[in-house]
Amino acid sequence: MKKINTAQLKQLVEAAIFVADTPVTKQQLKETVLNEFTVADRTLSKVINELKLDYQPRGIQLVEVASGYRFQSLDALSPWLSKLWQENAPKYSRAMLETLALIAYRQPITRGEIEQVRGVAVSSNIIKTLTERDWIKVVGHKEVPGRPALYATTKGFLDYFSMASLSDLPNAHAFENMAESIASDSPLKVLNEAPSE
Amino acid sequence: MSELTKTNNNKETPHEKGLSTPVQQPLPLAFINGEALIEKPEDLFIPPDALEVILETFEGPLDLLLYLIRKQKFDITTLPIAAVTKQYMEYVDAMMALKLELAAEYLLMAAILAEIKSRLLLPKRSDDSEEEDDPRAELIRRLKEYELVKQAAEDLDIQPRLERDVFKAHVEVSENVAPIRVEPDVSLAEIVLAFSTAMKRAEAFENHTIEREALSTRERMSLILSLLTSSEYMPLERLFTVEEGRAGVVVCFLAILELVKEQLILCIQAGPYAKIHVKLGSHEEN
Amino acid sequence: MKKINTAQLKQLVEAAIFVADTPVTKQQLKETVLNEFTVADRTLSKVINELKLDYQPRGIQLVEVASGYRFQSLDALSPWLSKLWQENAPKYSRAMLETLALIAYRQPITRGEIEQVRGVAVSSNIIKTLTERDWIKVVGHKEVPGRPALYATTKGFLDYFSMASLSDLPNAHAFENMAESIASDSPLKVLNEAPSE
């Protein structure tokens, strides 16, 4: 195993995160671009932190999302940057967002349970769109008659919304507290059991 | 009517939200031709498209109920069921009168409201030692839960989102980056086994036995072929190497004979005792 | 038209070049992300030059290519960055191994002759893969109708299997006998005797 100095390591890690097609984890970096070097975990973390700081004043930022590190543009620049594309970002209906929110906060959850909370039927189209976007997936089946599918969110969902884990969900805490205070028989407590991605 | 007029002049954003701030202002029921419609005008003609918009605006009976509760500044925890039911039924009746396709959920909610109302009207039995459950409790729980989900959806919507608020930075790799392909490992034993299998199979299917030649001869045949060209003759002796000794010369000679036999190379000799030259068997133009 | 200060302009230009799908020209920048600002050509060029300098010590560089400006990884890092796209080729099929074995033991040999022994057609893909791996090559053409290519193994083949010459190839007959004598149910033991690669 070869040695690599910190300056070179920083360059290599920076370039790797930039050119990779998807976010990259420290583990992936160690298995690919760094596989012939001896790099301590601490050193790698230090270099990544330095990169984060280096880019803080710049137009793009190094962020950690569920599937790893990626560089992305500064939030505040979006009004101008979006002009680079002809099409506007898609808008999602309230029905879709409410369904997605329920799956995110209460996963794993069945379609029936979503319908119970929302008081209306969930259209198959919504489930299909969310699945095709790779935001939700079936993680199992509930052992009740009909064995309905249990839905959960994916890493792709967290990546898309710039979150590293489900605990980054806005108001995750408030949701949890409120859910608990509502009723003892409420099935809302599931949030605690949500798999931490 | 007065409320409608008032809100038309209201310049504030109609969709102020937040659980903490219950109702400071009437929420618009729908927008028609860009104007906020706040309440079903009681005595006036109801434009049918207004109610259609209502149906599209609300995500279901819980959403409509929440709207009514907020609009009337009712306390969700005490839920004045008679008033809420009356208002709810007005909307449902109006929509039904217009034969709008009303989702069954709206009618189911109407039934639930009616049931709660009737249970509240029933006199409590004195011998009930245990405190009877408030018939409104379940509905209140559902409303609170739904309100929470509604809020969560709104929060999710303003969460920084790829392709809308943030964009992935991507950098091209420099031209000399080439994907690495790791070829599978092969062991010599696999090759020997493969050869045995192929030969055994061939022998089983065909009657003639395939002659086995010394490998060294065949290797030399390959070597000679790769040394020669079809355009130039090469002196035969250049194919022999003294260092290889007698055995090497024999192998080489056998290889040449075999190649000549298979017409893979051409040997020519200008005259008796002249030097022999060889080249690759050239393709005769027909 | 609004004014934009140099620091903001630099952030915006930097982010735009980073997030655009293709290289961008100054003109494109002015027509999209900068279209609501008054920006002198000189200022824009200055900002781009500054960005070039900013990135000079880093793992990625701002370069101008035919269709505009883009960021690309440092040339010197390519050997390691290539590992991000490392793929493992599938294991060789029996057809591939038999073809290789026949070429090794019976060279020089034509494809037709291999097919005769194997009883089935040899796919062009097999020949291509073995040629690309530099294990076989065309050493001549047989003077029969069609002038089929004659295949032989290469020096690369000998090197891979740590052989000095083809005469180091195990005698197939002897090998078989040995294999049988070791244990009828465990032909794998023979593998131990193969040169460890």
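To keep things simple, chains are lettered A, B and C as they appear, and every chain counts its residues starting from 1.
Just so it is clear, contacts are C-beta pairs under 8 Å (C-beta built on N, C-alpha and C of every residue); 3 or more make two chains touch, one makes a residue touch a chain.
This structure is a prediction, so every number in the text was calculated from the model and none was measured.
Distances from each chain's CA mean to the overall CA mean are smallest for chain B. Most remote chain with respect to subunit B, judged by CA-atom centres, is C. The pair of chains sharing the greatest count of C-beta contacts is B-C.
Computed centre separation for the pair subunit A/subunit C is 32 angstrom, with centres defined by C-alpha atoms. Averaging C-alpha coordinates per chain places the centre of subunit A 14 Å away from that of subunit B.
Computed from the mean C-alpha positions, the centre of subunit B lies at a distance of 27 Å from the centre of subunit C. For subunit A, residues touching at least two other chains, in rising order: 15, 18-19, 60, 71, 73-74, 81. Annotation for subunit B: residues touching 2 or more other chains are 167-173, 177. If you check the complex, the residues on subunit A that touch subunit C are 10-16, 18-20, 24, 32-36, 58-60, 71, 73-74, 77, 80-81, 83-84. Those residues of subunit B whose C-beta lies close enough to touch subunit C in the complex are 167-174, 176-199, 201-202, 205, 210, 212-213, 215-216, 218-219, 221-222, 225-226, 228, 262-264, 280-281, 283. Chain contact summary for the complex, subunit C toward subunit B: residues 15, 18-19, 60, 70-75, 77-78, 81-83, 85-92, 94, 97-98, 100-102, 104-108, 116-119, 133, 137, 139-144, 147, 150, 152-153, 160-161, 163, 165-167, 169-170, 172-173, 175-176, 179, 187, 190-191, 193-195, 197.
On subunit B, the positions that touch subunit A within their shared complex are 59-63, 103, 105, 109, 137, 141-142, 144-146, 148-173, 177.
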